[in-house]
Structures are given as C-alpha cells and as structure tokens.
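Letters A, B, C and D mark the chains as written, and numbering starts fresh at 1 in each.
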Amino acid sequence: MTFVVILLYKGVIIPQRQLFRFLIIIIGLILLAAPILSADSLDVATDSVQDVAGQIITDSVETTTSTEEVAEDSGWGYRTERNNALFLMVLFSVVILVYTRWAKQGKELFLRKINGLDEVEEAVGRATEMGRPVLFVPGLQELDEIETIAAISILGRVARITARYDTPLMVPVRYPLVLAAGQEVVQQAYIEEGKPDAYNVDMVRYVAGEQFAFTATVNGYMMRERPATNIFMGAFFAESLLLAETGNAAGSIQIAGTAQPSQLPFFIAACDYTLMGEELYAASAYLSREPLLLGGLKGQDFIKILLIAAILIGVLIVSLDIEAIAELYKSLFVSV
Amino acid sequence: MSWVEIVQIWLVAFVTLSLFSFLYKDNPFYRLVEHIFAGLSAGYYVGLIYHSVILQTMIDPMFRNGEWWLIFPGILGALMFSRFSKNYGWISRISLAFVMGNTAGIFLLSELHGKVLPQVGATMRSLNPQHQADGWTGVLLSLLIVVGVVSTLIYFYFSKEHKGVLGGVAKVGIWFIMISFGAHFGYTVMARISLLIGRVQFLIFDFGNSIKELFG
Amino acid sequence: MLEVLKIVAYTILICIPAAVLLYLTFKTDDRRYLFIAVAFYVVFPVVVTISFPTSLSPESITLYEAVDALPDSSTVLLTFDYYASTLAETEPMSRAALHHLFKKDCRVLTVTTIPLGGPTISERVTRDLAEEYDKVYGLDFVNLGYKANYVAVLKGMGSSISAIYPADNSGTPLSEIPMMADIKNYDDIDFIYVVADNGIVEYWISIVQSQYQAQVGCGVTAVMAPKIYAYVSSGQMTGLLGGMKGAAEYEKMVGHPGSATQGMGAQSMAHLFIIVSVISGNLMFFIDRKRGRKRKLS
Amino acid sequence: MRTIVPVIIAFLSGMVMILAFFFDPEKSILGELEQNVLSWVTIVGGFTLLLGVVSIFRVNLIAVKRRHDGWGYKLVTLISILAMAIPAIIPSKLSPLFGTGTDSIYDWLFNYLDAPMMATMFAMLAFYISSAAFRAFRARNTEATLLLIAATLVMLWRVPMGEIALAYIHPDLPQAINTYIMGGINMAVQRGIIIGAALGAAAMSLRILLGIERTYLGK
C-alpha cells in the first residue's frame, strides 16, 4: 500500500485528468472497502492471506466454517481467503498503469526487435529483385480486433519498404473499416517516403465479405500474379490452410503472424516465418510505439518475470522439503 | 421409412452434395446453398432472441411478477439500434459500454484468479525423487513441465534481447513450443477428418438406406 | 498377431491407391486427385466397417470415474456449448454422457451458450435419449436453453439460476418445474459436464470452477483438447475427452458404441494417408532441392 | 458527454463485479446488485445479436434494390432470413408449426437445412488439410521439423490403428506419448501460453474498465 501511495505522491502517476481520477477511484475503493467493511486493515489482511489460505489447504472440510467465522465478524462478509487475488489484481493494475503512463510520457522503454520483422524486410527486398508484387493480407476480422490493429501497423512498415523500392503492393481486405484504415496507413507510408505519386488507391482493395469468397479471390490473385512475397498478418481461421497452400504452389516466400492457436501450426508448417501469438502484438508495439500497446506489453513482461521467480522459488521450496513454508507458499496460489 | 423422412433425407443429401461440389469447382449450386445458409443463420437469431431474451427474460417477468424495472435493460438494448443513425449513433455506446464494462470486470478477476494463480501454483512441482511415486521418471516429467512453462514464458518476454542465458532458455522454449504445436497440428487434423466422417456416415447410412428403400 | 497382419494388409491397401493418386497430383499439379484419395480413405472404412479395439486414455477414465462416483440421483449440469458444425465430434459425447447419467438416475440440467443452434440441438439430443430411458421432462431433466452473453450467464448462475433463466427453453417458468425446486445455484449441482467446441470451456474453469468450487469435467473437440491438458494437470478440470477418439472411449466405457466408435476405422485410415502425404511431400521437396543444387553447381 | 458517459457506465458496471467478488453475496446488498446487473447484461447482450441480423438484412436489401452483381443470391438470403424468422415469432398457440418448439418450421429448417450446411462447410476442410499436407507442410528448418515429427507421432497415437502399430515398436510407447508429449511438453507450453494470454486479457479488461481503451466505442 505504501508503494501505491509513494507512486501517487511522487508524481509517477501524473494527473492527466481522467486516468488519474479513475486510478484514485479504483485503488481507493478497493483499499477502503476491505478495511471498512471487514473491520480488517489491508496490511493485516495481506499478512493473514497466508494463515487463512493455509488453513484452507490443510483442512478443506473446514473451509466453509472458517469462512463463515470471518464473515460473521464483518457486516459485509469480506472474503479474506481471496486476498491473494486482491493482491495480484492491485499489483497488476499498478504495474500496467505505471508503464502505460511512462509510455505516454515518451519515456524510453526497451522492446527487443522481433525476429520476424527482419524477415519481412528481407522478403520484400526479394520481391524487388524479382520485380514481382508483395501481397499483404491483414486477416479476416474487423478493425475492432487487436490482431487486425496489429496487422495494420505492420502494413505501415511493409508499405514504407515497398514505397522505397517501388515494389507493387496488393492488400485485399474483407471489411470496410479495415479498408479505410489500410488505405490511410499505406498512403501515409508513401508520403513519408517521398513518393506520394506512386501511391495508388487500388493497392488496398475491398474484395468480398464472405470468408470463402474472399479466400477464393485472393487465391486467384496469387495464381495469376505470382507475388514474390505473401505476408499474412492478423486473425485467420480455416482459410489459413488454403492461403498458405496456394502461396506455396505459386512459389512465393511466405511470412505469417496470428494469435489464433489452432491456425498457428499450419502457418508454421507452410510458411517461411511465423510470428506466434504475442509476438504479433509485440511486433506491432515495436513498430508503432503506441503507448497503450507498449505499456501493456511492458507491464505484462514485468509480471511475467515475477511469476517465473515465484515458480522457481516454489519449485525450490517444494523440492527441498521445507515443510513449514511449502504448504503456506503453495496456498498463496490457490483460487477459492 | 415414411415419405416425409425420405424427403428430409434427400434434402439434407442435396445440401451436402451441393456444398461438396465446390471441391470440384465453384458452381451455382454451391452459391445458392451458401446464401441460403447465411440467411437461415441470421433468421435463427431472430427467433432465438425473441423467445429466450425478449419474452422469457424481459416481458414475462414484467407482467407475471410485476418486475417493471426490467424495462430499463430493454430500453438500453433498444438503444443499440441508434447505431444505424448518423446523428444519434453515439447513444448506442452507452449500452455497449454497459456490457463491455461488465465483461471486463468479470474478466479482470477471473483471468488472474482463475487462470494465472492456479496455473502458476500447479507448476511448483517437486524435483525430489523421494516425493515422486515413480522416482526419477516422475522427476523427469516434473522437470519437463517446469522447464517448459518457464521457457515458454521467457520466449514471449520482450523486454530483453534474447542473448546469453536468456537466449538459451528461449531456444529451448521454441523447441518445446514447436513440439506442442505439432501435437496441436495432429489433433486439428483429427478434428477435421472427424467432421468429414460425420457427413460420410450420413451419406452412406441414412441417404444410402433411403435409396435402398426407394429402389428396392 | 492377427491385428498386426490386419495392419500390414491395410497398409498395403493404403499404399497402392495413395501412391497412384499422389503421383497424379504431383504430375498434374491438380489437387482434386488428392481429394479423391481422401474421399476414398474415409468412405471405404465406413462402408466395409473396419473396426479396431479402442484403448482408453487416463484422462477419459478420470472423467468416467468421476461421473460414476456420483451418488445416484445427484444433479448434473450438462452443457451443449457447440455449433452444428462440429456435431460429428461432440454429439457422440453428449449422447454417451446422457446414457451414463440417465442410467445412474441422475437429474440432468442442460444449458447452452451457443446462439446458433445450441437450444435446438440440446432439445433434440436430450429428448431422444430420455425417450429411451423413460425419463420425464421436468422431473428427470430440464433444458434451460440459451441466454445472451455467456460470461454473465456463467457468473450469474453462481448466485441464482432463476435470475438468469426465469424460464426454461420452452418458456415454462422455473417455479412451475418440480425438479428446479431445490436447485438454486452451483451449490446444488454435483457435477458440471461441459461438452464444447470452443474457448467457452475455459470460462467454465476460470469463472465457475475457481469461484464456486464446482467440479467440472469436459469433452471437447480435438482442436481444443491440447490446451485443456493444462487444466487437467492443475486439477481444475476433472477428466477430458479429446475429439472423436475421446467420444469413442466414453462410448466404450458406457457400453453404448455409437457413431464415434464406428468412425475410428475411417479416422485411422485417413490419418495414415495424411502421414504418408506429409512424408512423400517432404521427400519430393528434398529430392527437388538436391537436384536444384546440382543444377546450380553444373 | 458522448465519451464520458459510456466510460463511466462501463466503469460502474465492471466495478460492481469486482467488489462483489470480494464479498459474501448473502451478507450485503452487493450480491443482489451483482445478480441484477448480470441479468440486465444478458438482456442487453441479446439485442447485440439482433444488431448483426439487422445489418445483414440491410446490406442484402441494398444490394437487391440497386441490382448489384449477384443480387439474385442476395434475394435468396433475404427470403431465407424471413422464412426462418417470421414463423418463429408467431405464437405457437396458433399452431405447433409456429414458435420454436420441436415441431415448428423453425426447428425443422434448422435441423434439416442449417445444421447439415454448417457441418458440411467444415467437413470440406478435411480435403484441404490433406492437400496442404502433401504440397505445403515442409520440414524447412529445425522448428518445422520438430513440429512435423510431433504431429506425426500424435496422429499415429490418436487412432486405434496407429496405436497398435506404436505398441508393436514398444508396448509403453503410446502411454509415453500421452504422458511426456501431451501431458508433459505440450501441457507446459499450453500453460505458458494460457498465463501469457490471461495477463493480456486482464490488461485489456483493466484498460476498458478505466476508460483508457476505447476502441470498442469506435474511437
């Protein structure tokens, strides 16, 4: 709690009006609610996580009775056994918000370069050598899906390279909003590379609304034009197979990226390089430096390291048979 | 088999074969069935929502039990349709925000409390052969699991370059991930084949029997 | 030994048409030859009913034993969280589960979180099986049907089922259904048997199992199965049926072999064919690459 | 006004859930509040689905009116929507054919047209998978090779014929695949992915709750 207070006062969380107000509300409500309603101060509560949760593990039969006892003390029945979730939630929220804040302030946040991005550059270069087009499919979802947003920011990068080398670019899309966003991003890239005349509205094209009609059209294009490089980024479903197979038959270099777990194996087996799951978001955060994406990603990284540490400590404690701590430590990770 | 049943089976068979005909090449039958499909699916929602949501959850309790306040979610729901207006489209955001906020509230805790905590807890496995019923084989499994979870988390860690120890762990991570995706691949193949088997069973048993019935 | 001979015979049988059709595909670059091959390997075993003994995996046994250990006439929530597109994998699971539950005289409550077809499928399947076991609607089983926004539905049933479902699927108020008199929320449900073809199965764990301590077991499509292993291993999920094979295993344990058991022959043949395709495709790829290199060198 | 009201509503409706999580529902007003909010959400959520139907109807209607390419097919879609929807909303008291009961037109159309169509659409993927297996899935590097080997083992293990063949090599092999590949390596990786994805989803939820993330509001 002191950590939170320090952060608030030190001005790490600077009063950008709304964020600040809501931050205060959420943390305030949670912190206040626990002690007032359960007649239990939070510091005591976090300490007692161990005792209560430990009890639950050892005698699960008595769980209900012990909960009731706690509940009887307090008017609202605050559930002390869920303090571990409360702690994780508050920690998680603070970390994410602080990193987002830092990202918004333009603080230097390091993100490693994602390997797939180099491959994209190389593949586009190959298309230039061969004088054949680059095909970019930004997935089959509407713009409200994060995967599509990530795909559009990668499209911006690809368009800059094609603009630089005057390589033809083709971007078939399935939804009107993606069409608008895609055209904007591509045009912007061509302007930034100083080649506004080379930009052509038809580079980003609405193809068809229906899933398989869309796929059939894109496949037709691949067989006709034989693009040197196919880039599939975003949300793909059953059509992933069809697209990757046709591209393979057309002899194109293929790079894919999706977070759809059931399509990833097919892309990996059929494409030359694949951005898997979170890598897609990381690539887009790396390129766009969008504070929300970047802050979220950094915050999650921070929590991941804590979790890894927790796992390793846990393994150690359990393996070394430190009985006194073992049950207690494990009970911190029990969800009740 | 009554003639009604036979007609039904033939209808299903017609639909099935029309769709399969796409494998040979695109054709009007496929197109026709595809558009009927789109329409029926949309129409299904109308009947479902009308009965299960509007009648059963809203109107009936309002009149039967006098729960008049259910008119409010009804209004909120109806406001969704303001989206089709250019000037009042923003009103629909209120209803959307109500649903999205609620889901977010549930998710924030259920993801941390129901997934992260227990999954992390379950990874704390003993590497001590005395704790394992099957001795070192049990340790091997535990080791695989601990290394697998940690290296996967490291592979998807973006705040440091993958060099040195971190790079080594990430490399192990990618091998593990590939084996897991291989398993996923195998299972997905199984899933797709199963669905085809389902249709083939229909065509051979049901449709086949109806043909037998008709032509002796 | 007989089985091994059988396998050898089938392998030869697989190899000849497979080789011919793969060769044709390779020569003409027309994948329709491959389509013919797939059709052949799926249709042939179904027509001649090739069958093999189904072995049981520990995850399926866990599920079966958990259900079997329930006292007779306990209350079980059976979910129909699947679309009609995966009926071939999931319907046998639901049927086998109902066989098991009705045999044990359990009271069955069904829900669905799938808007497109969920309620229709659950009505069809439960009434079909209920007829076989002479079960009465409202006393032995109730279909709650569908309500929108599954996250809220799963969470809401934790405090009160009747707040989320004021009426059953056909519109009868829950207060008029005798079976529902003593079923208020998850506390009154002894086991949750999820049959799903999508990520909703994870919410049954992260929301219902974690927050209400309900015992959850599941049957899922093969696409979902690898992920669920993580929940089985953490003890959050009691047992798992994976895809059509899982369904066949449950059918075997319940003693009602159905369409899943019947499909195992075709499944075997098709898998072997796909493995052969992958291997031969890769062989050609490597031969081509070697030749290409030699050509470059010369 | 146009943004702040939705943001506040989202915050409040989510906060109820968060607070209710930490308190015994029987002991305070929070339990009742939670219950009401949830049942309201199921009602409002239902209208969201109708929204999709309305936009499909509109798009197709416009295409038919303006005689776009293939408008005949769009007309078929429109007729199908009406054929399914109209009998469904007529009260079943008039005839068992109406409504959504087991003898209704609605039920029949679903069971004998919609369901087989859906099943067949997905069954076609079996064909595509096999052609991709032959023509596209290549062991082009170490990673892809590992993937294909694991896939082959799992495909063999998961069918009775393959299982017998594997057991012939070594009787414990099928069991070992289940324990070490599926329950060991695969399980561990899936767990890592689940944890990562859960953190991502929680971060997203947090941003929606606090009104930082407004993409869903069309911003």
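Criterion: contacts are C-beta pairs under 8 Å (C-beta built on N, C-alpha and C of every residue); 3 or more make two chains touch, one makes a residue touch a chain.
None of the values given here were measured: they were computed from a predicted structure.
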More contacts between chains, A-D or C-D: C-D
Farthest-lying chain, centroid of Cα atoms versus that of subunit B: A
Gap in Å, rounded to a whole number, between the CA centres of subunit D and subunit C: 16
Subunit A-subunit D separation of Cα centroids, rounded to whole Å: 19
Inter-centroid spacing, subunit D versus subunit B (mean Cα positions, whole Å): 3
Distance from subunit C to subunit A - Cα centre to Cα centre, in angstrom: 30
Residue list for subunit A, restricted to those that touch at least two other chains: 82, 85, 89, 92, 249, 261-262, 265-266, 268-269, 277-278, 304, 307, 335
Subunit B: positions in contact with at least two other chains: 23, 34, 38, 41, 44-45, 48-49, 51-53, 57, 99, 102-103, 106-109, 111-116, 118-123, 145-146, 149-150, 153, 156, 177-178, 180-185, 187-190, 193, 195-196, 198-199
Residues within subunit C bordering two or more other chains: 35, 38, 42, 85-88, 115-117, 119, 147-149, 152, 155, 202, 206, 210-211, 222-223, 226-227, 230, 233-234, 242-243, 245, 267, 270-271, 274
Subunit C residues within the subunit D interface of the complex: 3-4, 7, 10, 22, 25, 31, 34-35, 37-39, 42, 52-55, 57-58, 83-88, 115-117, 119-121, 123-124, 127, 147-149, 152-153, 155-156, 159-160, 163-164, 170, 202, 206, 211, 222, 226-227, 229-230, 232-234, 242-243, 245, 264-265, 267-275, 277-282, 285
Contacting residues of subunit B [partner subunit D, same complex]: 8, 11-12, 15-16, 19-20, 22-23, 31-54, 57-58, 70, 72-74, 76-78, 80-81, 83-84, 90, 93-109, 111-113, 115-116, 119-120, 122-123, 140-141, 144-153, 155-156, 173-190, 192-193, 195-196, 198-199, 202
List of subunit A residues in touch with subunit C within their complex: 249, 261-262, 335-336
Residue ranges of subunit B touching subunit A (in the complex, touch as defined): 26, 34, 38, 108-109, 112-114, 116-118, 120-121, 123-128, 131, 146, 149-150, 153-154, 156-162, 177-178, 181-182, 184-185, 188
Residue ranges of subunit D in contact with subunit A within the complex: 4, 7, 11, 15, 18-19, 21-24, 26-28, 30, 59, 122, 125, 128-129, 131-132, 135-138, 140, 143-144, 147-148, 151, 193, 195-197, 199-200, 202-204, 206-207, 209-213, 215-216
